[in-house]
Amino acid sequence: MAATKKTNSELLFNGILLENPIFRLALSMCPAVGLTTSIKNGLLLGTAVLFVQVFSSCTIAAIKNFIHPRIRIPTYTLTIATWVTVIDLVLAAYVPEAYKQVGLFVKLIVAFAIITMRLEMFACKNTVTSSFFDGVGMGIGFMVGMVTIGFVRELLGAGTLLGYDVLGFKPLLFFVLPAAGFFCVGIMMAMFNYIEVVFNRSKERKS
Amino acid sequence: MKEIIRITFRLTLSCFLAALVMGMTFIFTDKAKKDNEHHNVQTTMLGLLGYSSQNPAPKELKLYSIYRYIIEEKGTTYLGYMVPVSNAGKESYEFLKLSLDGKLEQRLPLNISLEKAAEDAERQSVLKEALKTEKGFAYQDSTVVARMGNQRLAYLLPGKFGGFKTHIKVILSLNPQFDVLGLEIMEHEEDPGLGAEISQNYFKNQFRNRSFERLKGLDVVKEPLPDEYRRYLDAPDKFSGEQLDTILTQYRDKDIYALTGATISSRCVTDGVKNMAKRFAYRIKILDEAIASQKIPALI
Amino acid sequence: MSTLMKRSILLSIWLVSIFLASLPVCGHAAENSFAKKTDFKDNRTIVIEFAGAVDEEWATSPANFKVNEKQNPDVLLPVEKVELSPDKKTVLIRFGEDIDLRAAHVVSMTPVSSEGKNMGPAILDVKKSYFGYLFSILIGAMLINNYVFTKYLGLCVFIGTSRKKDTAVGMGITFTIVMVVSAMISWFLYQYVLKPYRLDYLQVVVFIGLVSLTVQAVDTVLRKVNPALFKAFGVYLVLVIANCVIIAVPLTLASNEYNAFESFMLALGAGGGFLLALFLMSASRERLELANVPPTFRGLPIAFVATGLFALAFMGFSGMAIF
């Protein structure tokens, strides 16, 4: 399959909006639901995923000619697992406070579908530079998604933003629970769908 | 056939490379991680004693660690304490082997400095040499004794007990009469917004200033926290004089007010702290008697 | 569908009964044959039953009974008084303070004196039934800490395969089998390879590698042994790898230091919980397809909202403690 050539900035835009991993591709829902209890957690995990995505994409793009087609998947898994362990150790050593909250999930990045999917669909067919930008785009898209949900949940659930008391009271403690994570993601997806419908409708009206 | 060999070779090579990368990262980050932990624990302990960066600890304040072990020798169980001693002006450790009913059976001097003793691996090798056995001993826990000059200022007990989710790690500080000076929650995996509130001031400061007798019978009540008590708990150091006295007389003997929606977490912390204090009080009495019986030059 | 269901239910019953047959019965073994049974009566009392009548003088003096927690052999718990039942066969040891019922306790008695005869010293274990503890791990992983609704793991696969009941059940059963097999091998590797050589940081890689191997192995075995079963379940095997739960369970049992039986129960509970979640979700999603859902909500959004409702319901299990 020939890959369509996109410019680097187009790749970035793609990852953040058009093919946002959480809201459009519906991949890696676990952290979107579970760890968006505050913006800080979302940022931290987003950074970790960005790191793993970028490094794995670049590694796979760099060695794509040496990978035997039959052992594609194990190679992807191995690369991802290596980088996940690296960032796990680095986070534990340099940001221990925050690491305590997201510890188990950093180890689980290995099973995130988003990274394997991107490697399979993009990195093994493109150059290192494009893979880099695609990885960055996807990672930032993921982080944007996490922060958005985290913003809503933290504001409504704890009345704080990034730890700073904004409202002075807790409107609905329910939003901090995992059940609310499901609701938020579902409603946000519906919102994105609605935006797409409106967008298409206006495009139709113009043409 | 050739294919399979090529595949296996490439796979093994990649595994090896991956392991190399991970191993190197591990070596680099391990030291930073340990330093971080150590620094964190130090700051917390000094905070529990009332010292901080604005109010630094005086030079006379010294923290000494006691390490407790359980020894199995030929079917009998013994208790082992690594106690810091002053040996001809130099600070090192001595290993005291006690029988289960508190009699001092053996004293073994250990050649290890106070800093090295903080590492589990170092203690392991020194004890292996001294006890002449590799598997007969198991580390249990440690206690930190804070001394100001010649007096015991406080006991700092790091402890771990089961919480609602997994476990909760705390540091409890007791005065020499075993009354609670303060409690800090170090690690937990409780639900954010619910059980995680145990690390907030308005919960953990409820344990402050409890006498040992009151602590032994402490229970958890499902009542809302009174506002004036909450104001005190959020910033206890800002209260003094008459205000402080009124609050203390009113609330000192009350039970612990449970967290909203996290009764089980509150109970786990209360029971955990109770058990830690009770066991420690029991043990330190026996250890002190053993040290006094042989006039051991202990630094605690 | 129904024959498949029947076969899978038979298989699971078979597995569980093998396991149960190998399980030692309740751990109230008394080392002295005269003392028959020990148990906790409430949080301040331990009860001991003897095979015959014991001397009242011996039985009611607290000095003859030393009780401590197994983990803390040097701390003797304060025995307030000891009561003897009218038929002189049951002794109740009452404590001045609450005891921790979750911990195993040890009661050491001086030589049991019965009708003037010395029946020998006794050191008895008192703890809650081990079988109960294992069962509580199983229920914990299945309901109280359900991996999908409470721990929000494995959602991609969950949402993807919960459209229809057949796919849901098929995925659930395949997943449980792979989960149990790989969890047991992970436990084995962790205890005998990773821990002794201090290779803890290789946990992630080793576990996920193990899962891929297991999936590959199950795939090959199933293809040869039972092609019909393979046709039904084979396609789900690949999806098992993308499931977060498959690596979360080995990581949990490594950090909690479970033994073999506990790991088995955890894996079975996790798989069972996943199957339960899938089944419930597919049942409701089949109905949602026919319901009058607003256009922007159709498909994934309404599925998420439904999952949220299930998660709320499962929250009702939290804090439940059996045994």
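Order as written gives the chain letters A, B and C; numbering starts at 1 within each chain.
Throughout what follows, a residue touches a chain if its C-beta (ideal position, glycine included) is under 8 Å from a C-beta of that chain, and two chains touch if they have at least 3 such contacts.
Labels paired with UniProt names: B = Sodium-translocating NADH-quinone reductase subunit C; C = Sodium-translocating NADH-quinone reductase subunit E.
Keep in mind the model is a prediction, meaning the values are calculated, not measured.
Chain closest to the overall centre, judged by the mean of its C-alpha atoms against the mean of all protein C-alpha atoms: C. Of all the chains, the one whose CA centre sits at the greatest distance from that of chain A is B. Counting C-beta pairs in contact, the chain pair with the highest total is A-C. Centre-to-centre, using mean CA coordinates, chain B is 30 Å away from chain C. Averaged C-alpha coordinates give centres for chain A and chain B that are 38 Å from one another. The mean-CA centres of chain A and chain C are about 33 angstrom from one another, to the nearest whole unit. Among the residues of chain C, those touching two or more other chains are numbered 201-202, 205. Of all residues in chain A, those that touch two or more other chains are 74, 78, 81-82, 85, 89, 177.
Annotation for chain B: residues 18, 22, 26 touch two or more other chains.
Taken together, the chain B residues at the contact with chain A in this complex read 3, 6-7, 10-11, 14-15, 18, 21-22, 25-26, 29-30, 32-33, 36-37, 40, 187, 191-194, 260-261. Across the complex, chain C is touched by residues 26-30, 33-34, 73-74, 77-78, 81-82, 84-85, 88-89, 104, 107-108, 110-113, 116, 177-183, 185-187, 189-191, 193-194, 197 of chain A. The part of chain A that touches chain B in the complex is made up of residues 37-38, 66-68, 70-71, 74-75, 78-79, 81-82, 85-86, 89-90, 92-94, 96, 100-101, 157-158, 173, 176-177. In the complex of the two chains, the chain B residues touching chain C come out as 18-19, 22, 26, 70, 77, 79, 98, 100, 102, 162, 164, 166, 216, 264, 271, 275, 278-279, 282-283, 286.
Interface residues of chain C facing chain A in the complex, by the touch rule stated above, are 149-156, 159, 201-205, 208-209, 212, 241-244, 246-248, 251, 294-297, 300-305, 307-309, 311-312, 315.
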